[in-house]
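Each of the two complexes below includes chain A, the first together with chain B, the second together with chain C.
Entry: the complex of A and B
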């Protein structure tokens, strides 16, 4: 009757501790995700019966739903799920290394940097360069801003608080830059850029799904690999150093993973806010607090949040298709205030 | 004793120099632009106006009102920032960082897009309401908990409330393209293209709040020596703090109503002033007003030239100037509280 199952290789250099309760939670979330997928594929401006959807997915369909399911809904759901997973894990890592429950990619300016990159692209290169390169511009922006924030916070090493504060300052500057680009551009680019900024899965294509996938496959397992270190780091820099963790080095690596995940997510769907903040918190409520169990749980929770928001956003106000970001913010911002209240003795 | 006297005269001298500087920048702001105007023409236009001369018309219809608005808004924001840094005991205090501007802005956007309000007097009251709600929320959230208010807590609370209102604003504007075009002005912050008439309904409030702030310098000094000390000296600290909050809301709210969200002036100026005259609030407040006005005028002049023939929104200008400064203060550390 052990609570944990340990999986490790012979030398012990890699090990993973499986918590039974967490495994059960994971299973439930996984089943719920599949259910949600089915609902998303069947609901919309034209309703398709769930059984017909299952039939279609199993390849027994007559092909009448090829367009609606294969071309429109499936890529959108998959992309949304991946983006949610990426944002969630990105926020989880940030909260782990900054040791502050309020940290998230939007608050410390990573999302802002990606937005500036993307807006520069929309305003200056749209039309002359293929839109395929938009994600690259966003990633580049996120990378530059994160590096800048990190370098600026360096003063005999980086302290979490300094990182957050400087991140807030940089985020403000990024907001000013995006505003400038929006104000100075013509009306058409203005609304395109604004729509993008709020975060929308409106035009998800298979192309996006395929190019987003490598980021997920590469970086979420990486996060899992470093989870032992995050567990130790959460005890505080001094304790971690005493236990033999190279604090500064790992902080940089983890920050890099976080930026890669957040940057790629923003690149494909714009600034879907607050997912990186709330997904880790919900996960902590339903799973144990070890980082290695939180990574998979947070991926699922983040994915569910985005897919669910997108479902509501595209069906509640038919025929209007409202950006999912409006809904995630609507839930996320009050949640943030609740967190501030709950962590009042922090 | 001798040193005290010399410090005092140094402050008066500094005040005189700052006033001179302010007047000079004010004149420059009228003279420089797409149509350069000679300084003596500026004097003529103000003191013997002749409506047959084109330059005089340019000055009175656009440049002068623009300069006056920039000066008043700059002064209000700087004084609001100085008071906020005192009230929250936080060197990173400023109306934009602690969410007051975002709140006022959101309320204006709501009233402009959903309720088609378009009179400035209404905007002003709405902005006051928004500033009060968001400022109150941030103050409350920042001072929750056992150990009371800490700088990091209040900055985070400010960031959270800003994120909240910004996302609400975005959500509103995404669904309303026409609304977006009409409120972009406020989003970016600008002092251009507004006539002095728009300032008039707000001006009495700004002047009143500014005067009270000036008179409160001594009380703030006492408050800054610690809550317990102030209480034992017989000060009604709650009253003083509430009054400071009210002044901040009036100054920040009316600035947003007139010129949109202009960031970082409230952050930078009080720090510069402290470097100049020390930590005596009887001096910090008048100096903040003077230098805040000068700084915003200067930023406005630069904004006209950096991307000629277009104009940079002034809020963007101040944010870009202010971020390095913000980083500098954050690097120096929040614990040290001067």
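Entry: the complex of A and C
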């Protein structure tokens, strides 16, 4: 029995290496996610017995829980999970290509760009244009700012360090712009703007789930497809070039995937922070460090963090429904510190 | 290590385009579906019993059919909560107040035992559903995103904003089948406005209309409000705004004490949050030499008013209390 199982097609253009230990971790996380889903569907303003929930999901229910489960809780849990997965993988890719453990969608301005897009919409168009277009405004903001950062970092190619430095600068500028717009806006839109910036899964609808789904099922597998490249890139640009990787090209593609994932997540949930930074780190501590193992593990870890945060957010202070963004750091950070502490001698 | 780059690129391009199309479709779809939902809802009610007086109410989010006189009503913004009590109806659920949680002190114990269904910005949909209401009063400004879900719980009417107390009363009268009471409340208000205008111009003579500034101090800046709840009421009462405050914006923020002259007017109404940091800013600004040069300060026409009544409540009872306050400040008979 070897440690790895390799799956590849004949030409060798696609190949995936499965680590046995990671597969076990994946299985455990997967089962935990299912358990968490069940808990989320039963807990809320009114408690529904988990067996009743299962019955309902299997279609044997009496229709009694149609509204609470189908309309309110289910889309919210699914959306939360997808958003966590997208943010986690986005951060994982960034940390891989930038080769810096502190990289995350917040730091290089993706979240900042989305915030500016969303706040411009909230301050200037809310009321005249339907709020359904808010995600698009956020996504456009993320795309424009990421492109701007990339172009500004270009000087005979983009080096990770320049990308990070310019990204931080752009992120700071975006933050200033957001604050300025909030300050100038009237009091009635200020509270909406702050809610958006904190990040919330409130009002999650099936439409949001359906629009978010393509991003997940297209871009996360795409990230897996490029995992060999990321593994090589982590050795540094010089080694990667020597091994025949077109460094600049793949950096751009991977960055794009990362922006697409983070941008879509932020578009639907607002500025939920910290997940993109912390989910990859947690994954590295519980799984092996090859990128192909980390992508599925990080998706699950990210999803679990967001769903768990939202569970706490909507039940801890009943009847108040608190934005989940308040708790993502509250739940992620202590766990992160615990893992660091536990692994300090390793 | 050589990859089939061209194929991968084609795949990548395709995925990119598809994702964007899905996104646009997602954004667009929601609207269509909502409209469909509404239409379906209407059809259902039409089909059932339109004959015995289902009322069609047009509001900021569309048209809603309501039958009979709703009894279990949930109000989702402060102005609606204030107004429903003036109608003599106790709601089954209200949202938490901005300050003095859970409900404003000026409403007394009228809301005792009424379920709080969360905050105005994020009311808890499960709690609302649990109350099994037959009418929900919402605001498009706050609840546009959840309108479809609210409509699934109960017929929902939405006002455009949160501070237009007269519009709120009018809409609620229609929705609650109490239009007579709504007219009574509004006529009473108009009579009082007319009464005030007559008495104040009689008393002040040439000095009326008076220029007024509504000021609000925060921990790190000061604000002049032009419009909004207090601004619109003062305008209705006949107060004028200084020339530099004529804009229809909500108001302006002043971050520098050098801008103090911008505040200049004959009368100042000031509401501040009860907070040591705010109090300190207020003292700093009012101790500045420029403050002493303002007309209102020189004529001793600076009044501290209640921020709940003047700014945060937004209902017809608050409007009347605000008017009482102004009567008192001008020492007029009510």
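Everything below uses one rule, namely that the second predicted complex is superposed on the first by the 329 of 346 C-alpha atoms of A that agree within 3 Å, B and C clash if a C-alpha of one lies under 4 Å from a C-alpha of the other, contacts with A are read in each partner's own complex, and residues count from 1 in each chain.
Rule of thumb we're sticking to: a contact is a pair of C-beta atoms (placed from the backbone, for glycine too) under 8 Å apart; a residue touches a chain by one contact, two chains touch by 3 or more.
Source: prediction; values computed, not measured.
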Next on the checklist: Under the stated touch criterion, which partner chain does A:330 make contact with: chain B (first), chain C (second), both, or neither?
Outcome noted: first
Next on the checklist: One more residue to check, A:176. First (chain B), second (chain C), both or neither?
Outcome noted: first
Item to check | Contacts of A:278 with chain B and chain C, given as first, second, both or neither | outcome: neither
Checklist entry - For A:145, is the partner it touches chain B (first), chain C (second), both, or none of the two (neither)? => result neither
Next on the checklist: Applying the document's definition of touch, where does A:195 land relative to chain B and chain C: first, second, both, or neither?
Outcome noted: both
Item to check | Partner chain(s) touched by A:72 [first = chain B, second = chain C, both, neither] | outcome: second
Checklist entry - Once the shared chain is lined up, is A:306 touching chain B (first), chain C (second), both, or neither of them? => result neither
Checklist entry - Now for A:155: first (chain B), second (chain C), both, or neither, which partner does it touch? => result first
Next on the checklist: A:184 in the overlay: touching chain B, chain C, both, or neither? Say first, second, both or neither.
Outcome noted: both
Checklist entry - Do chain B and chain C touch any of the same residues on chain A, and if so, which? => result 183-184, 187, 191, 195, 320, 322-323
Item to check | chain B - residues contacting chain A, complex | outcome: 92, 96-97, 137, 141, 144-147, 152-153, 155-157, 159-161, 163-164, 166-168, 170-171, 173-175, 177, 180-181, 184, 187-188, 263-264, 307, 310, 312-313, 315-316, 319-320, 323, 326-327, 330-331, 333-334
Item to check | Footprint of chain B on chain A - complex, ascending | outcome: 100, 102, 106-107, 152-153, 155, 161-162, 164-166, 168-173, 175-177, 179-180, 182-184, 187, 190-191, 194-195, 197-198, 273-274, 320, 322-323, 325-326, 329-330, 332-334, 336-337, 340-341, 344-346
Next on the checklist: Taking the touch rule as given, give the residues of chain A at its contact with chain C in the complex, in rising order.
Outcome noted: 11, 13, 44-46, 67-68, 71-72, 126-127, 130-133, 135-136, 139, 183-184, 186-189, 191-192, 195, 200, 202-203, 205, 207-208, 210-212, 214-215, 218-219, 222, 225, 228-229, 232, 243-246, 253, 256, 260, 264, 314, 318-323
Item to check | Parts of chain C lying in touch with chain A, wherever the complex brings them together | outcome: 1-5, 7-8, 12, 15-16, 18-19, 22-31, 33, 96, 115-119, 121-127, 129-130, 140-142, 144-146, 148-149, 152-153, 160-163, 221, 228, 249-251, 253
